[in-house]
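Listed after this line are the structures, all set down as structure tokens.
Okay, so chain A shows up in both of these, paired with chain B first and chain C after.
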Partner chain A sequence: MSKLFSIKEDRSLYPEKNVEGKIDVDLSSHKYLKMWHGPQHPGITGNMSLEITLLGDEVMDCETHVGYLHRGFEKLMERRKYIQCFPLVCRVAVPEPDFNEYCFAAAMEELAGIEVPETAQWLRTLVLEMGRLSSYLMWIGGQSGAFGQGIVGQWSNYMRDSILDRFEELTGGRIYHMYIIPGGVRGLLPDGFKDRMEENLKFIESMMKDIDRVMFNNAVFKKRSVGMGIIEKEWVTKFGITGPNARSTGIPMDVRKDYPYLMYPKLDFEPVTAQYSDIYNRADVRRRDLLMSVDLIRQIMAKMPEKGEIRAETPNVLHWKVPAGQTYKRAECTRGEYGYFMVSDGSEYPRRINVRGPSYTHAVALLEKMIINCNLSDIAGLMVSLHTYPPEIER
Partner chain B sequence: MGKINDILSPFTAWKHVVNEPLSVKEPLKREGADRYRGFHKNEIDKCIGCGTCEEICQNAAIDMVPVEGKETKDGDSGLRPKIDYGRCCWCALCVDICTTGSLSMSNEFKWIDENPDNFRFVPGAENKPWDDKEKGWKKPDYHLYNPERVEMHELKPEERDKSFIEIIHGYSKEQALLEADRCVACGICTATCPAHMGIPEYIKAIRNDDLEEGLRILYDTNPLPEICGRICTHKCETVCSVGHLGDPISIRWLKRYIADQNPSDKYKEILGTENIEKNGKKVAIIGSGPAGLSAAHYLSLMGYSCTIFEKLPQAGGMMRYGIPEYRLPYESLDKDINYIQSLGTEFRYNTTVGKDITIEQLHEKFDAVFAGTGLHLGRSTRIPGTDHADVYQAVDLLRDIVLGNEVPVKEKIVVIGGGNVAMDITRSLARLQNQKYGKVQIITTSLESEDIMPADREEIVEGREEMAQIIPGWGPVSIKIEDGKIKGLNVVKCLSVFDEERRFNPKFDDNQTNFFEADMIVESIGQGMDLSYISDKTKENLKLDPRGRIIVDEYFRSSIDWLFVGGDIIQGPDVIHGIANGHKAAIGIDNFINNQNK
Partner chain C sequence: MKELIDRLKTSYTVEDYIQQRSDLAHITVSKETAVDFISHLQRVEGYKHLVILTAVDWIEDGKFQLTYLLNNPEMKNDINVKVFIERENATMESIHHLWEQARTYQRELKEMFGIDFPGSPGVDKPFILEGWHDLPPYRRDFDTKKYSEETYFPRPGREKNDPATYMKQKLYPNE
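Up next is the complex of A and B:
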């Protein structure tokens, strides 16, 4: 059967690559088609675009274009007092804002020498795991949708909404939580929160079984993802790849383990890895990471204290002068290592804040390399499999 | 097998066909969570318009605007926050930092309106459907600024009850920095301070550890910071926005910190007053109290040569002869006065205007005259027995203590009065009793009940710590005298002091009586002015109001064009008012003299 439908590829007509690994494109030859993929394309993860050169339906060359979402947060923060940056940072990565809040607060607290109360640290850990869960649920819809399975997106959106409901009752906001305030957090768990959360987690677990059957045990999905978009192990250090993209190559790289923060040392978990990194394995690593997140939320809710101080005493936030110095605080988000580099000159305003969004490495340099010889119809699936969020590229 | 399974298993999704849809069917009816950060609410009567919400808002979504029915007054700017929902990012930091707790957010998040302008409104002033909603984001338990005051070290009662050593130690640098950090810099204090001192600015100078800048800001509006830093009536602290949900900022003690930390020999260099050009004009000032000193200071800066005529042997007026040393040590007083003297002001002590020199002579010799003669005549209750020799006036006794005259101290003393002067004489006499008899037997009684006693709270507390009995709420009826000796004071219960129109009209319950044993009575129910230094001839041209006070314009100029009058005799007993009057009068005198020369 398979022989009947297979088409023998004749690659003799394909252009030779030059020493830089690129082809010399002569558009006047009418062999090539140059087209823009995005920024208003449903297969693009957010507002960025790819300028691709096609030969037939195969990508010969690609240049990524970012800047559609540039809001200049890093610069804005230099003109705002520290506390005024707090409502700003969550906007750096829209679908997963909590890691910004945490890294910003942790950097400030380290420079100012503030000890965060234990209850607040537990709540921070909880919120970060909830953020991870909702972010993966958003990704899984995109990954399956990119290969034509709309149903998974519909299910996962509902699951994500149920987590957003929990965010809403805990933090007061659904998308921008503004919960991890420098010094601590802004509220204890509401009454009955754990029960409602457990209900959501059970629902998510049962739906994930359905998603297993519909997406991961699906011939179409396997056909299009297995062996597609492979990340070589040696690229990890070369490109600075982190997170599930790196873990799927077999390297157990996880900030939660490598640079323990918050209450992660008290939680029982192992980084999820795979043997080699193609689209399918990366998706599977994320699926298992998602389920681990469900488990971690349960562990946190079981271990955390019910009551306690939620915010350390800080100087008056209206004129909080953070002692001069610099620090880099990191956390493991769904895309990899998220980090804030903060420099203080001892004034009321941050001198420089630099955000390390993992999408910067994954969506620009790595994608440009991986996309060559990719079929036009697989570009969306490939991009989503790198799990990139353009807002964190552009800060 | 696996491959067939991969083809079949996706079809299991069909089982959901029989399930109910999960989506929210009527999203517009969905209620926000209990903590949801929705549209703002503001309890407009509780709000004081401090503008801290506007200050913290990083989007500049909040403007403080005047609203109908809210007037600017002490402790209330009259402004209320107007929120622009085109800018608001719903972070609720405005709610978290609100100094009064008036601002909150409802859990309402749906609002449909075709006019975009409607999305800018003043919560509380414009009625909205969510105004009665209970749920939403409330001011949390944690604090974005410290609501608790940094404790001030002071002498313990047993260390101070026999001596006149200063009680308050003053802040150390660390304490001052912590206290200064609490300020939200709203400026409600500046508006209320009679001298409109740049309070948030000098507190900022403390935070920046730039005490020289702090001193410059102090001297912009107040030439007596050492004094005010100790005994000012601190109206600023009464209205301090942080005081609504915590302790007000110790503005007075922070001022003292700046003044204490700057050495007096550097004042001229710091304040840039080393070379003041004289303009050749002369101003006479009667009385060296706060008003006179303030006028002398600001006139000296303008180049005038000032001469202060003081009846008593030293300068300071009531600040020296009325306020006990344990509250205001003489070296602090002298630091401020010596600086003003160093600017070229001449002091003529033991010179009584009206006796040693007439006011007409002053007019002839000087270009203008400023009188800040204060209230030095004690008022009497005039109850039966007050003509007895052992009934004294508090101001007279306080003056005698400073002058070193012999002060009569009996074993049992009753003080009538509930103001700060009454507390001063109570605590001074308690110290003297302790020195003489080794124990304190002094009762201080006032018409006012404890909650409305005009004395500062700490004075009452500290007085009690020093073993004085302070028994408020009794009205004096008569002094019991037997064999020519005072036995005590008969009093009746006082039910209320003021009538509904806030006029002094005490009501008594004659059935409830009491008797306070004493062999000496001190009256301290207020002071009157002595205008005898103004000759009858000059008085003819002087306009007085029905209550006998001199009528002045906004620059404290009386109906006689060369005579300016300020201080206690115009605005009642208060140092900071005197300072403000003196400053304003200095400007008035400058205008008057300049206009005269044209």
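Up next is the complex of A and C:
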């Protein structure tokens, strides 16, 4: 075995970087290996791929490739009336479509000057928190699976299914709900919904204790995640990092607290933070955020009115001309700040919609930086720890 | 936010100030002073977070509107800095030295709108559309329907109905 591939700390034989911070790869030297990680790798959170250059089993260089899911949503919306965009917007993010629906509806309402009734706002808050819970439950399976603990993924899928049952009961759809519509929501809570929800929440809490034991207190998980993939505090503004990735560096930034929307000002919560951001702490912040979401759903169900107006008066949606203007609406999703920039020219069709998905910054610029010198077997865990989601990048 | 805009007006030409909400203002600056203005906002005024960088095609005026949405995490407000550039041979100064993620946005804008950002790393590399040789697809004059009709063949046996007349026939056949 050559000295180059030894695991000793001697890095004198490692290639030097050029002025652009990249190494000059000469594949014919047989030192390097080019490899594609994705788009069908089980450790990747959707269809994207990484073109990596390896030296031994260490990543020397990486380039993100996206575009496998590009359907041109933003362009398609320009050809559709506002209401016809609703089946499109939820498909921008599969794990939590409700944030798209909310941001799109809220931007429309702001431009059109529509006040949403209080009951509808409570129901929107409830749906957003349910979406957060189900998205975190999907993530936790991916994070543990990437480090070889398949069982946690099976448990969390079972828990997520119970939340999807409640979604189906409330909205008629399990994955895509189209429940939040301009002016309000589509319906009130069905009879007995709260009791069934409470049952699910108790079950999730008890299962989370098991996951805590199996995953977070597991020696293998700790050994592979503590001190791995650190995000520096200064990077937060430099790379546009938001959400749990930023909160785990110790900055308590949370759109729900900083830019209060819907009924969040009436709820009692504090942004979850950690001291420094490695894979373990990011996972822990998400775990605590998940439990906070359980608490918030309980608070919402206790405080929300049973009955009331759920839709404001709106023009006929097929002939609705939204007044000309531009606005940006944001919400806190599980991955960070989600936002919609909407431009209306006063016609029945949106002039331009731009979706700000948090993965746009996390999966391209940040990941390409963090992955350097990472071990091949840790790439999947690192990616999932950033909780990236490709359709937000390519829209 | 009005005080901030008044303060900025003393050193820069700021036009079309619109207070959209208490925490969001739209302003327009000229193409020549834009990058200087944005870096002033970032370094001096605390607008450290680049939320989005996107473009709007105002084809009827022959202009692209570049939108730099900047956020001040301490004051908790946003400024939408609008920059209008010519649609023909659209170029703009790069801001990749201010934010790391800006290069990704600029790469996307080059691909989708054909706006060039000379000097931005990797701006000429395809981002989402590999092997695309047509008009940049997010421009208003790119017709998606025409493109798909020309590129993809119709599926045999597929019937098309106009939704309004079809529903009328179904619901009120005698009228």
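Keep this in mind: the second predicted complex is superposed on the first by the 388 of 395 C-alpha atoms of A that agree within 3 Å, B and C clash if a C-alpha of one lies under 4 Å from a C-alpha of the other, contacts with A are read in each partner's own complex, and residues count from 1 in each chain.
Operating definition for what follows: contacts are C-beta pairs under 8 Å (C-beta built on N, C-alpha and C of every residue); 3 or more make two chains touch, one makes a residue touch a chain.
Keep in mind that this is a model prediction, so the values were computed, not measured.
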Simultaneous placement of chain C and chain B on chain A, clash or fit: clash
Contacts of A:Gly325 with chain B and chain C, given as first, second, both or neither: second
Touching partner for A:Glu118 - first (chain B), second (chain C), both, neither: neither
Which of chain B and chain C A:Asp210 touches, first, second, both or neither: first
Chain B versus chain C as contact partner of A:Asn218, first or second or both or neither: first
Touched partner set for A:Gly187, first chain B, second chain C, both or neither: first
Touched partner set for A:Glu58, first chain B, second chain C, both or neither: neither
Chain B versus chain C as contact partner of A:Met178, first or second or both or neither: first
Chain C collision site on chain B, chosen from 44-52, 260-268, 296-304 or 584-592, when both complexes are overlaid on chain A: 44-52
Touch list for chain A against partner chain C, complex: 20, 66-67, 70, 72, 74-76, 78-79, 110, 235, 237-240, 253, 258-259, 325-328, 330, 337, 339, 341, 343, 351-352, 354, 356, 360-361, 364-366, 369, 394
Residues of chain A touching chain B in the complex: 80, 83-88, 151, 158, 165, 168-173, 176, 178, 183-184, 186-187, 190, 210, 213-215, 217-220, 222, 310-311, 313-319, 321
Chain A contact footprint on chain C (complex, rising order): 20-21, 23-24, 26, 48-52, 54, 56-57, 67, 69, 73, 76, 78, 80, 99-101, 103-104, 121, 126-130, 137-138, 140, 142, 144-145
Residues of chain B defined as touching chain A within the complex: 3, 5-7, 9-10, 12-13, 16, 22-23, 32-37, 52, 55-59, 89-93, 96-97, 137, 140-146, 181-185, 204, 207
